[in-house]
Each structure stands twice: as C-alpha cells, then as structure tokens.
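Paired with chain B in one complex and with chain C in the other, chain A is shared by the two complexes that follow.
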Partner chain A sequence: MAYKPQYGPGTSIVAENRRKQMNPGQKLEKVRSVTDEDIVLILGHRAPGSAYPTAHPPLAEQQEPECPMRRIVKPTEGAKAGDRVRYIQFADSMFVAPSQPYQRTYSEMYRFRGIDPGTLSGRQIVECRERDLEKYAKELVETEMFDPARVGIRGATVHGHSLRLAEDGMMFDMLQRCLLDEDGIVKYIKNQIGEPLDRAVAVGKPMDEKWLKAHTTIFHSLAGTSYRDDAEYIEYVQRIHSLRTKYGFMPKEE
Partner chain B sequence: MTQAAFPQVRIVPMRMLKPETAERLLNTLTGITGIRRMIIHGPGLPATVPYGPARGSPNPHSDRRAIQIGDAEVALRVQVGEVILEVEDAPVIEEIRSHCDDFFTEFSYQLQEGRFMKTAPTLVDYAKFGPDADETIIGLADPRSGEGPVVIRAPR
Partner chain C sequence: MAKIERTQKLFLKSLKEKFRGQDVESETAEFYKFGGVRQSPRKMEFMKASRAIEMDRGLAMYDPERCHLGGIPMGQRQLMTYEVSGTGVFVEGDDLHFVNNSAMQQFWDDIRRTVIVGMDLAHQTLQKRLGKEVTPETINEYLHILNHAMPGAAVVQEHMVETHPGLVDDCYVKVFTGDDDVADDIEPQFLLDIEKLFPAKQAEELKAEVGKGMYQAIHIPTAVSRTCDGGTTSRWSAMQIGMSFIAAYRMCAGEAAVADLSYAAKHAGVVQMASLLPARRARGPNEPGGIKFGLFSDIIQANRKYPHDPAKASLEVVGAGVMLFDQIWLGSYMSGGVGFTQYATAAYTDNILDEYTYYGMDYIKDRYNVDWRNPSVDDKVSPTQEIVNDLATEVTLNAMEQYEQFPTLMEDHFGGSQRAGVIAAACGLTSSIATGNSNAGLNGWYLSMLLHKDGWSRLGFFGYDLQDQCGSANSLSMEPDRGLMGELRGPNYPNYAMNVGHQGEYAAIVGGAHYGRGDAFCYSPLVKVCFADPALKFDFAEPRREFAKGAIREFMPAGERSLIIPAR
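Right after this comes the complex of A and B.
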C-alpha cells in the first residue's frame, strides 16, 4: 500500500486546520485578492515593473556539468532565470492568528519548491528566488493563511506577536506598517522593513472572531481552543516526550 | 522612591489603549484624590527606526503624540499597555476600581495590587541622576530618555 502522510495528530479544529494547511493536496481557500504590484510594493525588494536583478546568468546560457541530479531536479522559474534570493517574513499573533511560524514552515515545505525557511518563536522568514518568492507570497497573503489584523508582513522589528491586541484588533507594530482605515480595510503604508510606500496597499478587511476561531492553527485556552481539549494531540506529544527521554539513556538490547 | 507604606496598583486592560482612550482614562483618574505617582507603561514607539535595513529613518506613528491630562501635556512615547499607580491608602484603590468598572465597558481589565515601582536606585539611575537625586522621581521616567516626570495637579 502506498504511504499516505497523516501530517499531524489531533481531533480538534486546530489540528484539522494544521493538517489542511500542510496537505498540498488540499487547496487553500482564497479569501482576498491582492495584485502582483501590491505584493512587490510590500516586499520592497525591487520597484514594480522593473526587471529582476540577477545573481548569475540564466541556466540556459551556462555550461552546466553533466550531473544525474540536475536531470532529475528541474530548476524553478527563478533559478532558471538566475534571480537573486530574497525573502518575506511574517509575524503571527498568538491571539488565534490563522498560521504560526512552525506551521508556516511545515506548510511551505510541503507546498513550495526551492525555499529556505527560517523559523523563530514569533516570526517566520522564507527565502527563495525573487520571482518564485512573489508567487509564493501572493499565495500566502491571499489565502486563509493570512489575516490582515493578526498577521504582519515584517522584515525587521517584528515585536508584537505575544502582546495584547490594540483596541481596534490590530497586532502591535512599533513601525505601524499597516493601519486599519476608517473604511474597515487594512492598508500597508510602509513596506516590510518600514520604508514609507508611495501609495497605500490594501490587503482587505480583518476577519471576524468566528472565522479566526474556525481557521486558527494555534491552541489558546483563553482566545480559542484549549490544548487540553485535544486528548489525541496530548497523547501523541507525551509519547514523543517519553520515547526521546528513554532514548536519552541509550537503551541497549543484550 | 517607593515607600512600603504606600499601596500600589496596576490597571491592565485586555487591549492596548489608543492615545484617545488613554487620555480619557487618565483624566478620569486625575479626578481621584490620593494618587501619588503614576507610570504609563507599554511597548515603545521610537521616533526613528531602531534597527533593520531602514535603521535611522523617521518612524511616523499615529499613536505617538501628546495627550492632555488635567492641566499638563504628556508626550506619549509608548503604546499604553498598563498604568501603574501609587496611592495614599487602601480606600483610594476601591475608588480607582469603581472608576475603572465604569470605564472599561467594551473590553475587560484587571486591577492588580502589589509592588510595581522601583524600590532602590539602580546603577543607571546613579549614573544619570547622581548621588543626590530626588528620590520621588526614581523609577518614574526612563533615565536614558532625558525626560523627567510630569507633575499633574488635581483639579480644584
């Protein structure tokens, strides 16, 4: 029988959402639409419409050595064109944001090719070739893995994921890259590293509390689903904990 | 400087306050007699980007502005996360509690009693203010900022 990955344990809605985000066979729900130009503006790596700067000549113009691995692994579009490696970084609030750093890395590794994610407690960065990055970033922002209020696109000074939300429901951002406008739409007024943009970039309305609770991938006993309510998840984590502790004693068979 | 004789409380709202809300809350508190000292505490909103590729460039932020408390103007440099108060005696705490119960209607808050202010000057305080510093201001303002505390007179 062919191997079918289970992606993760758990019976709660949180566990189900985690599996859904990780499973590349599941199409992520598109919640908002952002133009390619908007993504380029928020990323701030190049001016919209300008050519992609390159780090090396296109692969077609290079004399590539004969290598069986190169025949098996086809290069991504960005690698083929010799693009620079650039990044996008997300900060996710602990107050039932739709994705979380570890979750993002798992999901991206299952879904995207040619990426190098970096996972930290409150932020997650993903690096890849520039034109691939723009494609992936668009998917990450447009789908249910993003919420304008509780997820921030922050290249630097990311502090805020563990703080209380502001009165209007926005996650704290020292650089105030995005604002909840009077029309109820969140607009980015600075790019991800905090440089002012020429025009505001709208990324849609913040999702309501009910939607967030139904789509979150974090356990939170006060704001959403409690971890203790998912017996299967606890059993799994305790099993891993027990096994690795026992292995610490290097048991040997006589 | 903090004296053990004076009780202290901390108002912790469940949401970070906007300057307008903070202004209303603090003006409510100035009406209470018996508050000795107060600290507005929260994550900082610097005037320039402190690090990252855009380091040193200006950092416009709509929440970093001056608010009017009583007869004094206070330049907010933080997003208001909590308000720490030192009061004369215990009945004042109950008065603060009743004011806060009326004030926080859209989201909840906590009123915690304990010791939240500095009890002894640190090395930085000594370096900035010297050995003969006014003990009432120790711990009230960030010694690195160069700004002193603001005196608010209770309305007559």
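Right after this comes the complex of A and C.
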C-alpha cells in the first residue's frame, strides 16, 4: 500500500490550516502581488537584472560522473546553472501570524525541491540555489503564508516574534526594515539584512484580525484557538511520546 | 489533564515592576523611543568606564552606539530589569553575567576547590603499618597542623616560601563522621556537626550513611584553583595532607609508608566533585562537565533549610545549575560566548518558573493527593507513563496559556529556548516530586518539549530541539539506549553535552525526586554534609539570594589580591 501523507492530526482550524499549507496538492491562496524585481530587492543578494553569480560551472559543462543517484534526482534550474546557495529568512509573530517556523519547514519540504531549511524559535531560514530561491520566495510572500505586519523578512537581528505588537499592529523590528505607510500599505525600506533600499518595496496591506485568526497555524488561547481545545492533537503527541519512551525509535502499536 | 484554579500569579509583581505604568496584559507596546542603550544605567556605566580605559590605554573598547549593527544600538525596545526569583531583588541583566557577579564566581570557586578525603585508610596505615597510636588528641593535633599547611605553609621543611594568610583565608579543613562519640571528641572548630546542621530526620539518615568513618572536607585556596584548575584541588590537598601526617605523627619524610598516605589522599580515599572528562573535552576532574546531577543536587543545600518545600529546594538547584552549567560550563568553557546568560537567567528570574512549578504542586495535591508540603515516600504516585503524561501535559498547557494571556510575560522570555526550558522544567519537577523518580521527571520534560513544539510550531534552536526530540527514548524506560538513571547522568551524558537550558534543570529534576520523598541526600551523603558548612564563602542553601547579592555588589568573595597590588 502506497504511503499517503496525513499532514498531521487535529480537529481545529489551526490543524486544518497546517495540513493545507503542507499539502502540495492544495494550491495556496494568492493574497497579494509582488514583482520579481521587488523580491530580488528584499532578498538583497544581487542587483535586479544582474547575472546570477555562480559557485561552479553549469552542470552541462561539467564532467559529471556516472551515478545512479544523479539519474534519479534531477537538478533544479539553479543547480543546473551552478548558482550560489542563498537564503530567505522569516520571523513570524506569535500573535497568530499565518505561518510559523516548523510549519514553514514542513510546508517547504513538501512543496519545494533542493532546499535546506533551518528552524529556530524566532526565525526560519531556507537556503537553496539563487534562482530557485527567488521563485520560492515569491510564493512564500504572495500567498496566505505571509502577512505584511506579522511576518518579517529578516536576515539578521530577527528579534520580535514573541514581543507585543507595536501600536500600529506591526511586529517589532529593531532595524525597522519595513514600515506601515500612511496609505495603509507595508513597505520595505531596507533589504532583509538591513541595508537601505534605493526605493521602497510595497508588500501589501496587513491582513485583518479575522483573516489572521482563520488562517493562522499557531495555537494561541488569547488571540486565536486554544491548544487545549484540540484534544486529538494533544493525544497524538502523547501517543508518539509514549511509544518512543517504550520502544525507542522503532515504535510498535500497543 | 484538567485545568485547576490558581489565582496567585507569582510573576505578576515582577511584570508590573519591569513594565511599570503599562498594562501587562496588553498586546501592544511602544517601541523605538527609549534612547537605545542610554536607557540602561548599567550600559551607561559601561560606556563611561570604557571611555576612561580608552584614554588610559589608547585603544578602542566598548562602543555600542558605533559597533552594534552599524550604528543601531540595542534598546530599540525597553531593556528590562530582572527580579532574581524568590529574592525580591531587581537587577540589571548584565549583573547576572558571571564576569560581573562575584557570587557566581565564588559559587563555582567553592565547588572546584573542594575535595573530600577519607581518613580511615591513612589511620590504618599509621596504626597497622607503623604502629602509631591514633587518638582524638592526635587527630585534633593533625587538624591544627593541616589547617596551617593547607593554605600553603611549611610544616617539615627549613627555609621554605609560604603563602600570605590574607590571600588564602578561605582555605581550611573540617571533618565529619556519623559516629557521635567520635564527633564529641573533635574540637568544635574542626567539626561539621551533622546533628546541628541538619533537621533531625535528615541527620539520622546522613549519620547512618556516613557511618563510623571520618572524612575531611577540604577547601583549597580560591586563588590556587583559579590559577590552576579543578584537577589541582586533589593534588594540592594531598600534598598538604601528606606533610601534615608526617609532622603530626613524627614520621620520616622519605619512608615508604608515606606513599600509602599519598595514594590514599590522591586516589583511594578522595571524593572529587566532578569526574574526569573524556580527552576530547580536555578537562580534568573537578571541572563542571564532570559533575553528576545527583551530586550537584547534594551540593545545593536548600532542602536542608527548606525541608517542607521541595519545589523551592528544586528551584534553587535550577538557579544554581543553569548558572554553572549554562553560563559557565557551556557558555564559556565549551562555547566561549557571552550570550548564554540571557538564556539561563530565564529560569531563575521574575518567578516565572516558580509560578509554573507551584501550579504543578497544586495540581499533584488536587489530583493525586500528594501532600508535597510534607515530603514522604508514602504518598508518591507510581511513575507510570499515563501519570507522567497527565502531569506534563497539564503543566505545559498551563504555562503556554500564561505566556499567551500575559503578553509581557512572553516578551520577558522572548526566546524560544527560554520558554522551552522553563516550561519543561516545571513539568520535570512536577513529575519527579510527585513520583519520587528522577527518570519520570526527565520523561515529563521530554513530553513537554514535544507538546510545546507542536502547539507553537517552534521550540528552541537547531541543536536545542534535537536533544529534546530524542529524549523520550532515553528517560522513563532506559531500555532503548541502555541509559542511566538521572542521578548518574551529568553534563557530558550523550546528547546533554551541547545545549543551554537543560543541564541545570535536569539536575533539579533529579534533586526534586529526592526532596519530594524527604530524602536527606540524592547521591552522596558525604557531599551533602560537606557543603552544609556555614563557613564556606558561598551559602549553598540560598544560591539565588547569593547571586542577587552578587548582582547588587553586596557579596564578598574570596581571592583577595589587594594585599599584593598597588593601592588604587
């Protein structure tokens, strides 16, 4: 019987949202448009329009050894071209931001190829070949996995995920890479590493509380859905723990 | 699991003081207006001191307004003060870095410079091999000589250099025994009197364990162990012990029996505070990585002073443990950074872990009728998986909800590792105090980590999470990896050797299992008695209070050097 991913347990809206983000069979809702050039500006790895710097010659020009793995695993476009490995890093507010660190990693692993994600409490980084990164970044920013106010694109000094929100609803960022403008649109004035941009990059209006609560993937008893209320989820974690305790990492059904 | 009512929030007073004039339950705050580092008196002091140093040495130093993020200093949010838990003392975070805190330094100095050496082997050598008479009078005379020699004075030689007593006044030797008759014959100045130092029930238990043997609690000079290392302690002490025996019992300095005395003092009869680490750690004995968690819980004396509050006793171990294992061991010995303090202090500031732990105490009383205020083996619950799961789940959910209900609390513990360690510690302590089983406590810790990670989709950092996702398999059932009981584990246990925010809490979980049973000790009765000594520079019954004193610069450490340096 072929393995069929279940994308996690739970009966709550949080659990349902998690499954939706992870499941590559479900199309993520596009919420905003950000141009390719603007994505490149926020990333800050290369100037828009410039050639992709390379770490090695294109694979087609290299003497690739005969290798069964190479036949099975087709290279991504970035790998084919020999692009550098670069990154995008997100900080997600615990005040019901739409995605959260482990959720991002799980979703990216299901949806993208050739990636190396890293998961921490206050940030989540994904590294991959540069042209692949730009494609993935666009999807991560334009869809329901992003909110301009509660999600930050931050290469360094990510502090803010657990802090109270600023009075305008923005997540704290000591570098203030993006600001809520008077027109109600969030604009990046610095790239993700904090270098000033020549022009502001608009990433859209913050989503409202109702939308955030309906789309978030974090349990939160004050701002969203209480973890305690999803009994199935808790029981599932307890079960995994119990089986690992008794049987190590070769669990048996009881 | 079922939420229980608990109206008291131990952290509220701290939050209201830290965020004075603000609604601690508000989800919003003002930022970017605090003046950066200039909002902090301590950072201002640092800048002023640095300017003077720069003028003196002609070389740049502390300059946060230029060097931090290209001119954006920290302090774009409010730089918080911290209350050292259980003390009511508010301090600057900087004051809890061990470099800035003399009490923290002395805490570790006092452990590193300590060994316990049995006297019975030496007495047998003197009596059986040399035919010498050993009496209370000769023992007292020997102790007089030893307290002259141990700080670094000569007893046999002619024309020898010696150490200045004013520089080594923290060095001395006392003895203890479980035999009341023998103890009565020892001069009070040299005796650690178990009867007087411990509550009656604990004293009886300790005396029975120590037995009729006699042990020397030896503390070599702080200045020596600082200049050398922990491995020096047994060598320094053994040298002075040997010379003192020669002097006290009129032995020949070169006779072969001296080798027996040396062997006893250096090897056969010595109890180190920490075992030798593997070569890749490059540390000798009596260095932090080799301290077993059970032994560490015996070093801390809070259960002696507060026998009816195993939660407090355990929380004192947490504070002491994270300071030593996170701030000093992992933070500096192993990593070389300065950031570990920020992680570690979360576990002993603002009464947050205290609140979560006492919620657990209320829960075990309410749900399982554990009378935790009267520690006993009689009402301990079975360490079954079902019970551990129930305890850890409820304590985890409560703690997560507190962070959610009080956004300033979340802001206080702004890092995931801080929250994860604190929540899991409360679960571990609740489980171990309720069951009297340290491994049940560790298992509660690991379930908490899994629940936390899935609830908030985040935990700590890469390596932090690895440890906690392996832990279910090596705790309550030790079968999967042939693991150890908690008492015998230590900072160098597989998977434990890498991450901040764990080791001090693990030690406390081990301690809690015994404090909850009302045991007098966790691992070593000898260590328990040794650190009950009121003459030690650091009061091991009140580590958090001592750290607070260090933070406000009221702690007087050893290691005096003003006698031998120019006056300022």
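In this text, the second predicted complex is superposed on the first by the 244 of 254 C-alpha atoms of A that agree within 3 Å, B and C clash if a C-alpha of one lies under 4 Å from a C-alpha of the other, contacts with A are read in each partner's own complex, and residues count from 1 in each chain.
Convention: a residue touches a chain if its C-beta (ideal position, glycine included) is under 8 Å from a C-beta of that chain, and two chains touch if they have at least 3 such contacts.
Since the structure is predicted, the reported quantities are computational estimates derived from the model, not experimental observations.
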Practice task
Judging by the criteria at the top, classify the pair chain B and chain C on chain A as clash or fit.
Solution key: clash
Practice task
Based on the superposed arrangement, let me know which partner A:Q62 touches: chain B (first), chain C (second), both, or neither?
Solution key: neither
Practice task
Could you let me know whether more residues of chain A are touched by chain B or by chain C?
Solution key: C
Handout entry: Partner chain(s) touched by A:G194 [first = chain B, second = chain C, both, neither]
Key = both
Practice task
Could you tell me if A:L179 is touching chain B, chain C, both of them or neither one (first, second, both, neither)?
Solution key: first
Practice task
Please work out whether A:R244 is in contact with chain B alone, chain C alone, both, or neither, and reply first, second, both or neither.
Solution key: second
Practice task
Go through the superposed model and pick first if A:G155 touches only chain B, second if only chain C, both, or neither.
Solution key: first
Practice task
Examine A:I218 and indicate which partner it touches, taking first as chain B and second as chain C; both and neither are also allowed.
Solution key: second
Handout entry: Partner chain(s) touched by A:R164 [first = chain B, second = chain C, both, neither]
Key = both
Exercise for the section: Kindly classify A:S33 by the partners it touches after superposition: chain B alone (first), chain C alone (second), both, or neither? Expected result: neither
Practice task
Mind working out whether A:T119 is in touch with chain B, chain C, both or neither, as first, second, both or neither?
Solution key: second
Practice task
Would you mind checking which of 3-11, 21-29, 399-407 or 435-443 on chain C runs into chain B after superposing?
Solution key: 21-29
Practice task
Across the two complexes, find the residues of chain A that touch chain B and also touch chain C.
Solution key: 157, 159, 163-167, 172, 174-176, 194
Problem - Complex contacts: residues of chain B adjacent to chain A - result: 13-18, 21, 43-46, 49-54, 57, 59-63, 79, 81, 106-107
Exercise for the section: Give every residue of chain A touching chain C within the complex, in rising order. Expected result: 18, 94-95, 100-103, 118-122, 157, 159, 161-167, 169, 172, 174-176, 194, 217-223, 226-228, 233-234, 237-238, 240-242, 244-249
Fill in the blank from the handout: Listed in rising order, chain A residues that touch chain B in their complex are 155-157, 159-160, 163-168, 172, 174-176, 179, 193-196
Problem - Complex interface listing, chain C residues touching chain A - result: 1, 3, 26-32, 69-70, 72, 74, 76-77, 385, 389, 393, 397, 400-401, 404-405, 407-408, 410-411, 413-417, 419-420, 443, 446-447, 450-451, 453-462, 465, 472-473, 475-477, 479-481
